[in-house]
Amino acid sequence: MPTITYAEAIKQALVEEMRRDPSVILYGEDVANFGGIFRITAGLKDMFGDERVFDTPISENALVGGGVGAALTGLRPIVELQFADFLFTAGDEVVLKAGMWRYGHGGAYRIPLVVRCPSGATATGPEHGQCPEAFFMHAPGLKIVSPSNPADAKGLLKSAIRDDNPVLYFEHKLLYATRGEVPEGEDFMVPLGKASIAREGDDLTLVAISAMVPKALKVAERLAGEGHSVEVIDPRSLVPFDRETIIESVKKTGKIVVAEESYKTLGVGAEIGAMLMENALEYLDRPLRRVAIPDVPIPTAAVLEAFVIPNEEKIYQACRELLS
Amino acid sequence: MDNKLKLDIYRKMLLSRRLEERIAELIKAGQVGGFMHAGVGQEALQCAAIATMRPDDYLLYAHRGVAYWVARGIPIEKILCDLAGKEGGTNRGKGGVMRVVYPKLGVLGESGTLGGCFPIAAGAGISIKVKGEDKVVLCFFGDGTSNRGTFHEAVNLSAVRKLPVVFICENNGWAVSMPTERSTAVKDISARAAGYNIPGKTVDGNDPEAVYAAVKEAVDRARKGLGPSLVECKTYRLWGHWVGDPENYRSREEVQKHWRRDPLPRFERKLLDEKVLTDESRAEFEAEARATIDKAVEFMRSQPFPKPETALEDVFSESTAG
Amino acid sequence: MPTITYAEAIKQALVEEMRRDPSVILYGEDVANFGGIFRITAGLKDMFGDERVFDTPISENALVGGGVGAALTGLRPIVELQFADFLFTAGDEVVLKAGMWRYGHGGAYRIPLVVRCPSGATATGPEHGQCPEAFFMHAPGLKIVSPSNPADAKGLLKSAIRDDNPVLYFEHKLLYATRGEVPEGEDFMVPLGKASIAREGDDLTLVAISAMVPKALKVAERLAGEGHSVEVIDPRSLVPFDRETIIESVKKTGKIVVAEESYKTLGVGAEIGAMLMENALEYLDRPLRRVAIPDVPIPTAAVLEAFVIPNEEKIYQACRELLS
Amino acid sequence: MDNKLKLDIYRKMLLSRRLEERIAELIKAGQVGGFMHAGVGQEALQCAAIATMRPDDYLLYAHRGVAYWVARGIPIEKILCDLAGKEGGTNRGKGGVMRVVYPKLGVLGESGTLGGCFPIAAGAGISIKVKGEDKVVLCFFGDGTSNRGTFHEAVNLSAVRKLPVVFICENNGWAVSMPTERSTAVKDISARAAGYNIPGKTVDGNDPEAVYAAVKEAVDRARKGLGPSLVECKTYRLWGHWVGDPENYRSREEVQKHWRRDPLPRFERKLLDEKVLTDESRAEFEAEARATIDKAVEFMRSQPFPKPETALEDVFSESTAG
């Protein structure tokens, strides 16, 4: 299997799906001539022409709402936002239009829309560094994925593009340069709604999301050295959410830590905790531990950012606490 | 405009008016629970503008009135079923009468938040352009709605990409209790076209012929790939904002004055003068409208409410492009 | 104590605070001449003049963002949105501006802004009937209150207006006409961040939010008739959130049901479940039960709406299940 | 414009230019980790427009360059500390150099999302009007940003309520890689004023005197309670979008051409011709700028990083109006 970066994997998925289906288009700010501010889409305009790949004005409402309109009328648009934070700028279009247009009109239309949202803190402050998945998990009608490695990045994006529903695709900026094996062939897909067990273990369940997955794997390795067997679960897709895999794991381990780059209150860990309390209370022998941002906006200075963003040490400490 | 078209528009205006009068009765009598923003007084522009459309064009209507749907040819029993939240409508009780939808005729639906339609119209325009079709999109909105930021973003995007969208402002003088001159900094909303370097025109929205001509020009332009236009139709909201509005914010005199400009009798008189319409054909149209509505009301009454558990359906489509 | 409606209580708070402090202003669509589409603000323009109470264009971004600007420069603006759903239309202004401007600028400014948000399903469909509190609980920097009765409506609004931070004030449309005793005197305030024990009990903790509180009280009464003692807790303020009161109650009862009009996934109940799992796991003897909207948008037809909105029967059933 | 003012503007332009050059060096040398959108080439308009302000007026600047702060009189060591995320800046490391803030001089801060400033500017205008003050608000934004919906909402609101806000567009030809003519449907962004019935003017943004005159007129108007204006300053972004931009989207020739119109040497030549500036005073200003910057860099280097746990502070204010 070839080893490529997460960024290359995203691009491969875009190219393959645009080749396969002429109704797939891609637009956003600086995606065509510049190739995207994170350089994901470089060359696509030359491959697919300037009707299918184009630059837009700085108009996030029109971009996302336009995606809904294009999807209603037979295209499969992929909208690139420059930063996931700008989902709020298009709040109405994301939550009420993409999420609810189909339902409000009795299922008369499908909305095969993908919004690509670069996420994650990189010392650029409160409005350019969020992982806002949890906000949108609460919104009915939106699917949400957050791949943690190149293979999933590719496979989930292909599934998202072919899905007939709106999908928010969160690509973590700090993962772009990470490398991994990605199966060859246009048929490689990762289904939405299926968690991956990134590492098996028996003593503790560690659910990690997006950029927290590589960190969680290192923590598991370290804990293995100390004699603890940690199971690392990567949900990959947050809506639909594979509750079963987590429940099964917790039935085995009795302990759960969730590591995420969301704000703690009503982050993904809240839902995981609550659903375990509903479905597996009798198996839980230790309290929930959530490793997340402590309910503050993301500060810009690196030293402050490092204090609030979960890292290996914090994940390790949370696990240790439950294992002791 | 030939006589056939005139009569067609007249009939649709009449049917719309009678249908709204009936709906108001049904609501006041508590016979349907729906919520209705009546369009009485605005039927001329709605019917005339929609008369410019081809069956394969797209429509994003505004929240006011039934005439868009009547003009587009959606069966009125479906409208009534949507109003009543019953089966047999267009949206399975999910959206009520504010989300009438009809894919067969390109009726894309309605945004609950005002101004939500602008980006969607631009997006439909993107589709048309990408596919190389010669369809157009008509996007209606009120004077108050013209102050939403989405107007600016979508019109600019449509202009820079030359998307085939016609933006039709129904300036009816009011946005709930807010008179246009206090909500909107410019006298003619069509003046905003200058900010996007597109054609902008203001017409008498109570004159179907003037509206038809202006919208037709914009539609033709769009169809040729020359980009969007803005057409402002000056009209007046003869009824309250919604059925039941206390209307404590405007004078009876003002409303009376505008009833004298009611587009329905005005067009009727004109067609009678032109001998396009006769007293007999007029009476026939009235009878036809009443019969159609009676039948539709009966159908609506006979329809069941949707099964409660269907509330859980229609969130996601199960299909894929797989 | 005089008995007044929830709507009158809101108006009393507005009038008292506007009298007390000339920097308090109020604006929104149709609030001045018409008196607000729910008639809360009728007469205020005549009392305070048309600089302090005014109608605006339909421009939710400008309304909320304008509130932030006015707050930064020394006013205490109260912005009325016609429906809580329109918070999404001003997503950037609510989450990134109101919530984060102070933090991002190192605390240089205070933002004493209140956004009044009429919430709750009244057969007006997916975009006019939500209770979107939970979305915004995840956003750092925003305070959130949801009063369930006239006294709290008044006391919390007065606290919100005097608070130097942005507060989203959710007023449930179906509560406007409900009556209750409200203490007299301009000094009556209800502090943000303190839950109320609406009814004491020993067998089960029933947390109910906003319009669910009166329903929960009826359920508790019914269960009392069946020999069960239910404690009903009304958080009143969701940020800051009084975790202690709930934890203490659960330590006593060992059982928890949360009733709310949010979507279930990542609704308020998720956070309550997770924080109990963190802090009171050993006291929980039955699974969590969340009575909420089953992750679908709100349909318009009354018969469909009734199926998804929590009611007494559903709350009762959830409690019975745990009590059996 | 009197000589004193000319010299003052020149000095600030020069200091801004030298400061950005130094910042670029520091960033390229990896000595500070900050992120910077340089304003090289736009100092004339920024300094001249801000010269019209009274100390108690409000400023909402855009994301490009240091000249706004230099012109407003914020000590440059504070700017450098913000850039470096150190103590001694204006925002305690919370916002970096993109959120310089200075309440003493009405500098309200910066929105991370483009266009977030428009409603805030209108809101500051509301404050002024409610309190009956005669302050004004200056709100800067780029050509690309003029396509955000918030522009439309805030300008319209300001116009209908006659708020004292001057909207200043810095049309520098580009928004990252997007040339203005492809992002913005209108040639002169000032043409958008017609949509709000307010004055709109386009001036040479590289000519400080022209900018000063136009902005002064708008400021005076606003101060008198006559409402908002839109002033467009045509200029050019001489450097990349950010320090490190590959600039693969525009030709060297285009950029070269614009360097020949660089407002700094141009204004310098003019002032030398007018004998307002001499070779000696010019050299003095240069030396002064260098000394000021050297000292500020030293100060910045000497400052500590904030304590990590202060990340938890500044979310909420503990005070109340109680």
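Think of it as A, B, C and D in the order they're written, each chain with its own count starting at 1.
Quick note on the criterion: contacts are C-beta pairs under 8 Å (C-beta built on N, C-alpha and C of every residue); 3 or more make two chains touch, one makes a residue touch a chain.
Since the structure is predicted, the reported quantities are computational estimates derived from the model, not experimental observations.
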* To do: Identify the chains in contact with chain B as well as chain C, in label order.
  => A, D
* To do: Return the chains common to the contact lists of chain A and chain C.
  => B, D
* Asked: Whole-Å distance, chain C centre to chain D centre, using C-alpha means?
  -> 40
* Whole-Å gap between the CA centroids of chain B and chain D -> 45
* Structure fact -> Between the Cα centroids of chain A and chain D the separation in whole angstrom comes to 36
* **Multi-chain contact sites of chain D, meaning residues that touch two or more partners** => 93-95, 99, 111-113, 147-150, 153, 156-157, 160, 182-184, 315
* If you look at chain C, which of its residues touch at least two other chains? -> 56-57, 59, 61-62, 85-86, 88-89, 92, 96, 103-104, 125-127, 140-141, 295-297, 299-300
* Asked: In graph terms, with chains as vertices and touches as edges, which category applies: line, ring, star, complete, or other?
  -> complete
* To do: Sort out for me which residues of chain C touch chain A in the complex.
  => 85-92, 94-96, 99-100, 103-104, 125-127, 134-135, 137-141, 239, 241, 262-263, 265-267, 269-274, 276-279, 281, 284, 286-290, 295-297, 299-300
* Over in the complex, which chain B residues touch chain D? Could you list them? => 147-153, 155-157, 159-160, 182-187, 191-192, 194-198
* Asked: Given the complex with chain A, which residues does chain B contribute to the contact?
  -> 58, 89-95, 99, 101-103, 108-109, 111-113, 116, 118-131, 149-150, 153-154, 156-157, 160-161, 313-322
* Asked: What does chain A use to touch chain D in their complex?
  -> 29-30, 33-35, 37, 55-62, 85-86, 88-89, 123-128, 294-297, 299-308
* Asked: For the complex, which residues does chain A have touching chain B?
  -> 21, 25, 27, 51-52, 54, 56-57, 59, 61-77, 92-93, 96-97, 101-112, 140-141, 143, 159, 161-165
